[in-house]
Each structure stands twice: as C-alpha cells, then as structure tokens.
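Have a look at these structures, which come just after this line.
Next come two complexes, and both contain subunit A; in the first it sits with subunit B, in the second with subunit C.
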Partner chain A sequence: MTQTQRTLLPLLFFTALIAAWEIAMRGFGQAGLVPGPSGIVVAALRTLGDGSLWSATAGSLQRVAIGFAIGAGLGIPLGLVMGMLAPVNRALSPIVDSLRSIAPIAWIPMALLWLGIRGNAALFIVAYAAFFPFVVNTIQAVRLIDRNLTHAARALGAGNWLILRAVVLPSAIPSILTGARISMAFAWGSIIAAELAMGIKVTSGGSAAVGLGQLMVSTLYIRRDVDALVLYMIVIGLISLGIDLLMRRLQRTLTPWRQA
Partner chain B sequence: MSPKIELRGISKTYASARTGEDVEALRNVSFDMGAHEFVSIVGPSGCGKSTLLSLVAGFASPSAGEIRVDGVAVAGPDPKRGVVFQDYALFPWRTVRGNIEFGPLARGVNKAERAVITKRYVDMVGLTGFEERYPHELSGGMRQRCALARLLANEPELWLLDEPLAAVDLQTRNILQDELLRIWGDDRAIETRRAVLLVTHGIDEAVYFSDRVIVLGRRPGQIKEIVPIDLPRPRRGRRNSGELGRYVDHIWNLIRDDAAQAIADETT
Partner chain C sequence: MRALWRRLGWLLRGGEFVLALAIVVALWHGLSIWVGKATLVPPPLLVARAWIALLGDTLPEDALASLGHLAGGYGFGVTTGFLLAIACTRFATLEAIIDPLIELLRPIGAIAWIPLAILMFGIGTGVPIFLIFYASMFPVFINTLAGIKQVDRRLVQAAQMLGAPRRMIVTHVVLPAALPLVLSGARLSLGVAWASMVAAELTGSDAGLGWRIFWYQEFFAMDRVMAVILTIGVLGYSLDTLLRGLQRALTRWSPDSEAATR
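Showing the complex of A and B:
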C-alpha cells in the first residue's frame, strides 16, 4: 500500500459513512429526532455565530485549568514527601488509596451540598480528579530514582536541598508529566460530568459561569436540539485530543535530555 | 608518616535483594594506602570488590571493622573522596558542563570560578566543544571522560574508580588508560599524584596502572595476596613489557580457579 493510499483509504471510508448517515436519516424522515451531519454543521455555525459555544468552552477550560493547577500544587509536594519519607508513606497511603478509589463524580452530590452550584463545586471535582494521578505518579517517580545518581550527588558534596532540586525533581519530571496527562484527561472528563449534574439552574439564573456541560443540559431540556448535542460531544472529544497533544509536546519540551 | 587510608578488619554482610538471605560479601579485609599511591583491586565476579569501594566511598557501612581517612573514621560520602561509577552515573538532565560543575556548585563555588574550573577540566579530558551536549548524545568513551572530569573538578584527595573502563571498546579503552595515567601524574613527581583505588576485571589494566594490586578471592571476599608492582614510571606507552606480563600471569594464577568457579556458579 502506498502512502497516498494509506491516507486516502480512511478518508474515503469516513466520507462514505457520513454520506450514508445523512441519506439514512433523511430517508427515514427522522430529521430533528435523530442527529445528522448537515444539522450538526448548521448547529456549529449558529453556536459559533452567537458566541455561546465559545463562552461555554472557555468556561469549562478555565475551571479545568484552575482545578488542574490546584491538583498539581497539592499533589506533587505530597507525592514527593510520601516518596522520600517511608513513615509518611506508610501513614498516608491507606487514606490516599481509599480516597483515590472513590470516583470523582461520586463526590458531586456532596460538593453541591457544600459548595453550591455556582462553580466551586465543579472546581472541587476537577481538583479532586487531578490530584490523585499527580500523587501516585510522583511517588512512583521518586521511588524509581537511580540510587547511583543520588550517591554521585552526595559524593560530589550535595546536601539534601540540592539533591531534591537537582536530582530528585528532574528525575521525577517525566513520570510527573505522565501523571499530568492522566490528570488532565480525568479533569476534563470530570468537569463535563460535574457541569451536567449542576445542570440548568445556573443557566436559567443568568450566571456567567456556564460550561459545556450546562450548555448540553439546556440544549437537551429547553432547545431539544439533538444536532447541537452531538456537536458538543464532538467538541468535547476534539478538546481531549488537543489537550493530550499539548501535554505530549510539553513532555518533550520540558525533558530535552530524553531521547525521542 | 601515617597512611592516608586505613582499612581495618572490614567485613560486610547484607541481605540479598533477590532471595532475602544474608550474603557475606567481604571478610576481614585490611590494607593501607599512601596519599600518592595507585592501588587496584582485582578478583573474580562476586568477590565483593565493588562493595569494598562503596564502603570506602561511604555509601554503606561495614558490618565489622573500620575505614579511616587521615585518621578519621568514614561516616558517609564526602567530596574529598570522588567516585567514578561503573555506568558513569552522569546526570542525564545536565549537559557536560552542568555535570562537571556540579561538585563546585554543591560546594558553593561562585559562577565565575565554576566556569574557570569547568573549562580547565573539559580541556584536560579532551571534551572541548562538547560542553553543551547531554550525556545521551555522547559516546561511551566521552561519557567516561565527562565522569572523570566531574570527579576532578572537586579536586578530591582520593579517587574511587569502579570499573570505569568496562563499558568501552578495546581501542578506546587503551587510549583512556593512557589518558588516566597522564592525568593522574604517571610522568610527574610523586607528590603531585592523588591516591587512587581502582576496581577492575582487567588484570593487565591493574598491573599497568598500579603501585600495588590487591587480589581478592571470592565468597566471601578475602585478600589472597597484595602484589607490589615494581615497574618504573612513567609507564605510559609500555604496556607490553615482559615484566608486566609476568605480573599478569602471577595474578591470573591466583584467581583462575575462583574465576572458573564463579562462571560455573552463574551458569547453574
């Protein structure tokens, strides 16, 4: 198979599938009940035109970014301490492991109860989701540090602080970034779930803190626009893809010493 | 004059990471080293020679006995005792320059002075022009030079070298051997040389370098013989003299049976 064929074949198949979908939907007279490609394009033009898709996406991304930063800011230091100090690890790992096994979205009712529906609840869910991959991967990273490297640093006269800064942190970075990628995926998945659960009230209250999840709820219950719903699903998928690409690029930029 | 380094009745037993059983690595090893002496330790696989080196470095403590440097018991690693590791243990995230200046950085030397020190040792080991390379961009021989320069930048009184040339090809090895001798001071006055404790598989290399060769037997490692190498210096470029070969034969005869046993143990 030539390179052109390899590129063309999936493209052709995809186009055929889209065409078949559109034809089938119209053929059965289901427009408006079943989403179709043309309807999705129309919904895209409309929501991009009135700015509702932009502002909802920005709202969700902003919460993810803040929650992710909170998760990293708390998770990395905790992981470092647990990885380096065996007694701390023994004391805390049962708690961390139990909390970790509770799915972030299971916290949604408690978060709504404590923090309300304005946005802090979603932030809490995202931070919670992002926190554990950071902790777990940082612990693992510290454990995997080459003993020879810490020995070498000590034999060169390094104290604890320099070893932390110049040996432990840089050797942990690749694993921490792997944790960051998982965290980001978790965070993005959780924000949609949290916003779906927080639902319509915020929108009807006229608040600015609307995200993609809330937009989906209002689309489902108020507009009943199936085409727009599928559009949002596609956007959510594309953003996941974009985040993962971004994180991979970050990994390469931040660890130039690693071979490609 | 008291010796620079004294090892008194060193024994080391540790729990094997694989089986959990106690392994006696070293038994009652004692010897002294002078401040300008090149001493090599040879022995078959599993004779505890690398363990001995890590005890002198201060990475672990002996189960019995004491190691003294300048009369003071070794309690941990110290920049006065520099180490070159078998796999070099270069910091992968630091360039050649970053690795070499690590020791001075750790000792609080300011930036301008670090640059001077780094340049001196980069030039000395022949890495000029490669200062900004990362270790993974270097050949085995160049990594070795970088590891040696990193040690030298701290100007340690004792060099602990753990099979530093084991991972390079034969020709590179010969070249690096001669460079190591030159940098150590093979052709300079004895007072300018530092004490070196080298662990190696290569008996020829040990004889070529050393003032004395310590021969260890295996399981547990015990001294079989300390062989003084009475060959004149400078030795550089005279690696195939007949006398050198006689020393090599003598040492090989001491450890041949143990070495054969070590191979037999590994294959069963």
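Showing the complex of A and C:
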C-alpha cells in the first residue's frame, strides 16, 4: 500500500461514515434524539457564541492545573525519599500501591464532605490522581541513576544535599517528566469523572455549571441536547490530545539530550 | 547518619511495612480525634468494625456485581482489542482504516462517554460494562499491534524455511513472541478498566462497589463509605497482583520480563 493510499483511504472512509451517519439520522427522522454531524456543528457554534463552553472548559482546566501542581509538589519529594532510602521504600511501597489502586473517583463522597462542592472536592480528586504517577516515576528515576555518578560525587567529597541537587535531580528529570505526562492524562480524566459524579449526585439548588462535567450533566438531564453532548466529548478528546502534545514538547525542550 | 540508617534498617528489615502501617493508622486515628467528628474522619477502628459488619451484609453482593461488570466489560474489551489487532496485521486495508479511527477515539477517554452511555443504556449494568469495554480495548489493541510488528522476521523466516504452515507460524512463533507486550497491554487495560468501573458505577449504575459508596453516603454512614473505598483499593491491588503473577509465569523466558513485571 502506497503512502497516498494510506492517507486517502481513511479520509474517504471517514467522509463516507459521516455522510452515512447524517443521512441515516435524517432518514429515520431521529434528529434531536440521536446526535448527528450537522447538529454537532450547530451546537458548537451556539456554545462557542454564548461562552458557556469556554467558561466550563476554563474552569475544568484551571482545577486540573492546580491539582497537577499539588500532585507534583507532594509526589516528587516522596518519590525522591523513597527512591534514595531503601528502608523507607520497603515500608511505604505497599501502602502507596494499595492507595494507588483506589480509583481516585471513589474518594468523592469523602472529598465532598471535607471540601464541599465549590470545586474543591474535584480538586482533591485531581490531586490524588496526579500524585501517584509522580511518586512511581520518581522512584524509578532515582533507581535508574548510574551508581558510578553518585559514587564519584561522594568520592569527590560531595554531601547528601549536594548529591541530591547536582546528581540525582538532573538525572531523574527525564523520567519525572514521563511521570508528569501520565499524571496530566490521569488528572484530565479524573476532573471529568469528578465533575460528572458531582453533577449527577449532588443536586444543589441553582448552582451554576462550573466545569465540563457539570455542563454535560445539565445538558443530559435538563436540556436533553444530544448534539451538544457529543460536541463536549469531542472537546474533551481534543484537550487531552493538546495536553499530550504540550507535555511531549515540554519533555523535548527540557531534556534535549534524551531522544525519546 | 548512614550507619544509623543501616543499623535501623537491619533492625527493622521485614518489620518496616508493619511499622509504617502502624504509623499511618496512628496518624489517621490522631487526625480523627483532633477533628473530633466520627462522620468527618471515621477512626480506623470504626472503619474496621464497619468492614466486618459489611462482610456479612452488602459487601459480597457488591463485590460480585462489580466483578461481574469487570468480567463482562474487560473480557469483551480485551478480546475485541486483541482480535482487531490481529486482523489489522493480516489485512493492511483494515489497518489503514482502523488505526486512525483508534487514534481519534482514544483521546476521548471512557469517562467522557458516561452521559451518552446513560442515554443509550439507561441506569443499570449497561453503563459500567460499556465503559469497561471501551477503556480496556485500546491498550490491548495498541500493544498487540506493536507486539506482532516487533516479532523478529528471522524467526518467521526460519519457521517458513523449515516448512511450517501459516497457521503453525502464527500460533507457535508470532503469538508467543508478541505475548509479553500483549500481557503488559492487558495489565494497562485492567488499571484503566478498574478506574472506569468505579466511575461508571458511581454515576450510571444500580449495583456494584462504586454505587454502594453513594448509597451509604445518603445515610451519612461514612465509616461504611470508607470501608467500601478501602475494599476497592484492596480488590484492585489483588487483581493487578494476580495479573502480574500470570505475566511473570507466562513470560519467564523473555529478557525484559523482569522489568515488565516489577
């Protein structure tokens, strides 16, 4: 198969698929009940026009950024300590592993109780999700450091602090950045889950939709706008693609010596 | 300082985990005393008691319901991903269509499908099974495709030269060589499937551990909520350990088995 075929074939297939979708939807008279391509475009124009999509997306992204920062701030130091001190690692890793196995979203009732619905409960879920990839990848990073480097530094008289700053951290950065990429993906998935769960389970009178998840819930249960629902799914997909591209680029600029 | 650590380490070797667990439980207990409200931070003893009470109450049926969702969705998802990947390596045209489709759908995480899944299946077992299926399909598909593609051509050619029929090459050369990557895909799948299962049960189901969390929250029985949350962690951890054991047993021969099963 030639290169042109490889690009043309899927393009043709998708065009045909979208056309068939639209025709089938209209043919069976299901417009408004079943999402359709033209309806999605209309919904996109409308929600972009009145700003509801923008504000919801911005709200979700803001919480992801804060939760991600909290996860990094707690996860990287813990990972460094666990990676450098074997007894600490042996003691804590079963605890970390079993806490990691709790789906972040399961904490939502406790988070709601502790932090309330004003976005902070979702923040807890995001930070929890972002925390563990940082821990795991930082431990891995410290483990993989060339022992000769630390031994050489110690032989030259470097203390623990200097070794941490001048040897361990720089060599650990590539793997920590990989952790950051995974964290970011988890964080984005969890914020949507948290907002959906809050939107569905917490019926707070008249609280405005503050994130994409809540927007989806109100679109589903109140406005019954299936076209907008699919539009929001596409937006979620585009943002996770964008986040991944951004993190990859960051990784390349920060660690140019690594050909990942 | 290092000598002290070493001596401490010697003393505590093996007992470290018990010590750390004791410290965590003590901190938890201290926190709940400091907060002073058993609903806000249920003390560990209360949670343990709630867990024991739940064992004779709703926990078995909820765990069974969750595992049922998982078995249906994960089994279906892994099989689909695996077979689709095999079909893609066999037919180049199919791969040219399926691969971009997968890359388009994959960024839309399973979670994003929840509202549409509720609309399609209604509140019930359909939502978690669909979500688990969707979440577990991608890692297996991608890893199987990569696994089959990285099979050493020379092995296949050697088998061909020795007169092995096509079917035998697939079952005896290609699939075993791809197995390590397929299995690590299956483990990745299980991780996302587990998280999606809990999210789906929380939002769009009427059974399972995730659903039970909100059920007890309505009664403000936070000790029971905590007990269910911890059960989710323990069960998820056990399932991963099980799969890791399987991985280790089946791919002992592979040079990167040690790294993959850590």
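Just so we're on the same page, the second predicted complex is superposed on the first by the 240 of 260 C-alpha atoms of A that agree within 3 Å, B and C clash if a C-alpha of one lies under 4 Å from a C-alpha of the other, contacts with A are read in each partner's own complex, and residues count from 1 in each chain.
FYI, contacts are C-beta pairs under 8 Å (C-beta built on N, C-alpha and C of every residue); 3 or more make two chains touch, one makes a residue touch a chain.
Computed from a predicted model, the values in this text were never measured in an experiment.
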Superposition on subunit A - do subunit B and subunit C clash or fit
fit
Angular separation of subunit B and subunit C about subunit A, which is computed from CA centres of the superposed model and rounded to the nearest 10 °
80
After the superposition on A, what does A:R6 contact: first (subunit B), second (subunit C), both or neither?
second
Check the contacts made with subunit A and report whether subunit B or subunit C touches more of its residues.
C
Give one of first, second, both or neither to describe whether A:F28 is in contact with subunit B, with subunit C, with both, or with none.
neither
Touching A:L156 in the superposition: subunit B (first), subunit C (second), both, neither?
first
Aligned on chain A, what is the least Cα gap between subunit B and subunit C? Give it in whole Å.
13
Under the contact rule defined above, give the subunit A residues that sit at the interface with subunit B and also at the interface with subunit C.
none
For subunit A, which residues count as touching subunit B in their complex?
146, 148-149, 151-159, 162, 166-167, 170-171, 173, 255-259
List the residues on subunit A that touch subunit C in their complex, please.
1, 5-6, 9-10, 13-14, 85-87, 90-92, 94-95, 97-99, 101-110, 113-114, 160, 188-190, 192-193, 196-197, 200-201, 216-217, 219-220, 226, 229-230, 232-234, 236-238, 240-241, 244
Could you list, by residue number, the parts of subunit B that touch subunit A in their complex?
54, 57-59, 76-79, 81-83, 85, 87, 89, 91-94, 102-103, 105-107, 134-136, 150, 154
Subunit A-facing residues of subunit C, complex
1, 5, 8-9, 12-13, 16-17, 19-21, 24, 39-40, 92-93, 96-97, 99-101, 104-105, 107-109, 111-116, 118-119, 194-195, 197-199, 202-204, 209-210, 213-214, 216-217, 222, 225-226, 228-230, 232-237, 240
